[in-house]
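First the structure, in the form of structure tokens, and then the observations on it.
Naming follows writing order (A, B, C and D), and every chain is counted from residue 1.
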Amino acid sequence: MDALQAEMDRRRPGQSKITTQRKEGDRIEILSGLQDGVTLGTPILMMVRNEDARSRDYDETETKYRPSHADFAYDQKYGIRALSGGGRASARETVGRVAAGALAKQILRERFGVEIVGYVEQIHELRATVDPTHVSLGDVEATPVRCPDPQMAEKMIALIEETRKKGDSLGGVVECVARGVPTGWGEPVFDKLEADLAKAVMSLPACKGFEIGSGFAGTKMTGAQHNDPFIPAEGSARTTTNYSGGIQGGISNGMPIVLRGAFKPTATIVQEQQTVTTEFQPTTISGKGRHDPCVLPRAVPMVEAMVALVLIDHALRQKAIS
Amino acid sequence: MDALQAEMDRRRPGQSKITTQRKEGDRIEILSGLQDGVTLGTPILMMVRNEDARSRDYDETETKYRPSHADFAYDQKYGIRALSGGGRASARETVGRVAAGALAKQILRERFGVEIVGYVEQIHELRATVDPTHVSLGDVEATPVRCPDPQMAEKMIALIEETRKKGDSLGGVVECVARGVPTGWGEPVFDKLEADLAKAVMSLPACKGFEIGSGFAGTKMTGAQHNDPFIPAEGSARTTTNYSGGIQGGISNGMPIVLRGAFKPTATIVQEQQTVTTEFQPTTISGKGRHDPCVLPRAVPMVEAMVALVLIDHALRQKAIS
Amino acid sequence: MDALQAEMDRRRPGQSKITTQRKEGDRIEILSGLQDGVTLGTPILMMVRNEDARSRDYDETETKYRPSHADFAYDQKYGIRALSGGGRASARETVGRVAAGALAKQILRERFGVEIVGYVEQIHELRATVDPTHVSLGDVEATPVRCPDPQMAEKMIALIEETRKKGDSLGGVVECVARGVPTGWGEPVFDKLEADLAKAVMSLPACKGFEIGSGFAGTKMTGAQHNDPFIPAEGSARTTTNYSGGIQGGISNGMPIVLRGAFKPTATIVQEQQTVTTEFQPTTISGKGRHDPCVLPRAVPMVEAMVALVLIDHALRQKAIS
Amino acid sequence: MDALQAEMDRRRPGQSKITTQRKEGDRIEILSGLQDGVTLGTPILMMVRNEDARSRDYDETETKYRPSHADFAYDQKYGIRALSGGGRASARETVGRVAAGALAKQILRERFGVEIVGYVEQIHELRATVDPTHVSLGDVEATPVRCPDPQMAEKMIALIEETRKKGDSLGGVVECVARGVPTGWGEPVFDKLEADLAKAVMSLPACKGFEIGSGFAGTKMTGAQHNDPFIPAEGSARTTTNYSGGIQGGISNGMPIVLRGAFKPTATIVQEQQTVTTEFQPTTISGKGRHDPCVLPRAVPMVEAMVALVLIDHALRQKAIS
């Protein structure tokens, strides 16, 4: 339970001056599946009430479409839209993902020896240098920006502060490593491990890109450079490089799984922008809600959670057939 | 039926000197669901027999693990592995995707007015300039490399030839646009349209990365630059830029859907490489099968097929609720 | 909302002297999906808190397995079991089914013109005479036993009272009719409409049998007797008999869908019974909780709910393809 | 492979004079998943070509709806219908179920010690006496009617012959027992073991009813009669009666699983029947195809197959979590 709440607090807004100032308590109430702190094997229902939604902050959005938000698309799809805080398109829905992911991480660690560490690798043009094989949770949590490269972290924090003052916002890249995943997780053809990871990470708000292993950079290598040579290792094999990112043919090969998610700059900005009313008349809008100028630090536990949920699913599938 | 076979021929190896020389006929036999050329509404079973698998070509793979292939991972998962041509990890399985996708494309075009065009945007360091809003199938098919930028296409072909002679291989990027997708396709939270597209494309062999709209490049923009301003358009709205790639909050917004898949260089190369035997002893291996030095041209119809399959699924979901 | 709560009240214990005397308020709290009484198109989360679980009533069950209850099976499956009120094996979980079914019934009625009426057809040896083509909700609710045959209803009530005094319990049959289902709902082969209905009804607590149309009685007829002759009807066709129960080959044929669920006598009885302790020593047990001597009246809204949920699912599938 | 083909031959028409005289060879061709007789862990594709469909036999059905067949419902759903032999509504589709079930039975027997035996319990008014705890495959196959009660089997065969001569048809009940199922298979609430079994059996052609354990007869017992008392048994518990049919609360309790499926009399009969044309004009029709006067003997391997497929699914689910 404590581990769970700690994870929730990592996602929660208002953690530091570089994130949004909404004060959501994010207290978890567990409604089923636990008895005296022991799981019952049956579904665990966790509830987090939305305590600090000041719907007044969003009033203008009743009559104007915020650029690069889901308002317009929702109205087109449903003909109606939740007005307080973005409804299901609000990033607040990730609280449920992080809660479920916290449980999954715990099981993965204790039952399967899998460790998942996410971190901010890049904000805007600032790119950190991180060794995914050794980075620890402690390294990540050492700075409020969740970047384990201390020099770069400082620059990132300064840039975020500066951007906030301009009423603008920033994007970036979260990298995540899963170490200790045994060989054999993942299914051929349709439910390849990298495909399920891609769907999971791309379903996070503001995520526009996904890479596994060498990703887009790997397209500029030749096969001779990119292939990961096998060498013997304790009665099995390992590779000397890891451009494959721990997955070959959709199945884990025992090397660390390394992936990245690209997050666009936050859509809500204070600067005035061109848009239309819900009656399709030209107008302008500027954000007044308490929004993050940069979601990257809070996206770290979200990416970890999604990775954990995909891995636990494949862990159970593999257990079923072995 | 003719349209179907034409699509199969786009995927099929042996189309030109820059692709593998295996002569797979890829003739489709339709076993159910059609009566006198009319669909019955019930499942359509299409079968393509694997006519030209010379399993002798692959013999060395019985005792050695090919680097960056799925051989090792399959053996670890199943304890046994199909020896002829890679089994389910062979890219030959994509014949089924292309066949299903050809049907989906036909329905999308005729029933929903959706047009899907894929093309090679990049091979190794060579990057084409293509306008996704106007590129046509004719432009794409004008060159064997399926790159609608004629100057760049020539350079790509030359580079592939040169690489083949060196016994090496190349990767690259396929871009794909879906035009005419109405607003409202896609589901909030878990089955976001971009998430389903990511899973579909990332499940293709050799795919290591996925982007929608601005993708990774968008992380270096600020919110003020990246937000797509709305303007009035024929009783509705459109955006003046399309960094969102046609999807906002998981739901299509009526703009062209633009996405990219990153394909690593082909793993099978003629050059000698370091690896281990299936008994985990060090050894070397060099490819002897007839493999593509660059899968990108053949990946184009595969990406189109996966996009079509995701879109038809969401088209039907939307029909169900509207 | 009022319609919803009314439906909940039909399922709720403590409605009359023939049902259990637990006083569960069953007040629905709606947590998402509604705004000012209008649905948003996004998921509707309804919560009903379990207000009157006196776990003391069940204390003996910590150390003894109740005959024909799920206690033993749960312990064998999970190695642990919820001790208060049966956990997920408690019939209290049906509150969620009835709530969802109430919504489904409303949509089926208003959007598709489908009317669903369930009723008690049989309790123990007492079998009512009911015409499924004309029976109304009013007829059903006219007696606390929910049997629209008034003479038989009185006998049933008397038998339930008498059985309660003996500390014993009774089973019976719920029949349910869905009128106005259009032709064409249901999928060939695997998701046949009758198969989905069977799964839905058989998933209710205490249900041991399912029939559609002629059911088991139909096995004693010949084909010449059992076949439903078609006759012309308003530009289409109808059948003169309805042994098929409104479904042919898994697909609705426009006639009323008539089905039955068999419910065993309640397992919890006051009479002393032979059993074992959780240490597998012989012992005896007698029920002390406030349990129904006969669940049939309360099973009526549950069966209706399950039928409604299956029908709405197939209604949407059919909409998707037509 | 031999075991597989033997199972196919049990389902196949033309086995004896009491079944249809179509000569379908039902030879299985295995297209994937096997290498030198050993499974690869990847999907096994089995194909059986439809060798003896004489579509001429069915010609009248192009213009007339056969009573209690799916013709009318398919036309209403799809607006078009396969004309040769009933298309997907033909019982020929069960060949795939039996093939998959044969594999499942083999795995259940060898890996889990589960034995599945089905048999004809009733034809028309003739009801056999069978002990589900001891009946063997040999007993069942001893007569062409697959009824392990020899006296009753003779009467059944005589009745079928007589009915065939009259151009009429018969229904009946298949009972099936699964012995050796360990405790703990099945999921609470929605995927209860009995619910999944009900769906599987009810998806077979001509099936109109399903029972588990005491079924409909159990509704006429009281709780004191119906509850299965637990007694100690080898460090665990068993019940002295088995009215629960081996499942309590959706989860197997280690006792034999006993279930029944009710099959209506075959719809195709030689006698003339009233119906309508596809233009909805009154007409008459009489069956001319080579149809079974009674499908019960051939339904036995179908029921066994469906039970096996459900059990293997739950076996794997349980393996995943234990």
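Rule of thumb we're sticking to: a contact is a pair of C-beta atoms (placed from the backbone, for glycine too) under 8 Å apart; a residue touches a chain by one contact, two chains touch by 3 or more.
This is a predicted model, so every value here is computed, not measured.
Identification of common neighbours of chain A and chain B yields C, D. As for how the two copies chain A and chain D face one another, over half of their interface residue numbers coincide. Farthest chain from chain C (centres taken as the mean of C-alpha atoms): B. Once the centre of each chain is set as its mean CA position, chain A and chain D turn out to be 48 Å apart.
Remark: chain B and chain D have CA centroids separated by 42 Å (rounded to whole angstrom). The residues of chain A that reach two or more other chains are 41-42, 77, 88, 188, listed in rising order. In the complex of the two chains, the chain B residues touching chain D come out as 35, 38-43, 77-83, 87-88.
Taken together, the chain B residues at the contact with chain A in this complex read 65, 67-70, 72-74, 76-77, 88-89, 93, 122, 124-125, 163, 168-173, 183-184, 186, 188-192, 194-203, 205, 207-216, 218-233, 235-237, 239-240, 243-245, 247-254, 262-269, 271, 273-276, 280-282, 318.
Remark: chain B residues 41-42, 188, 316-317, 319-321 touch chain C in the complex.
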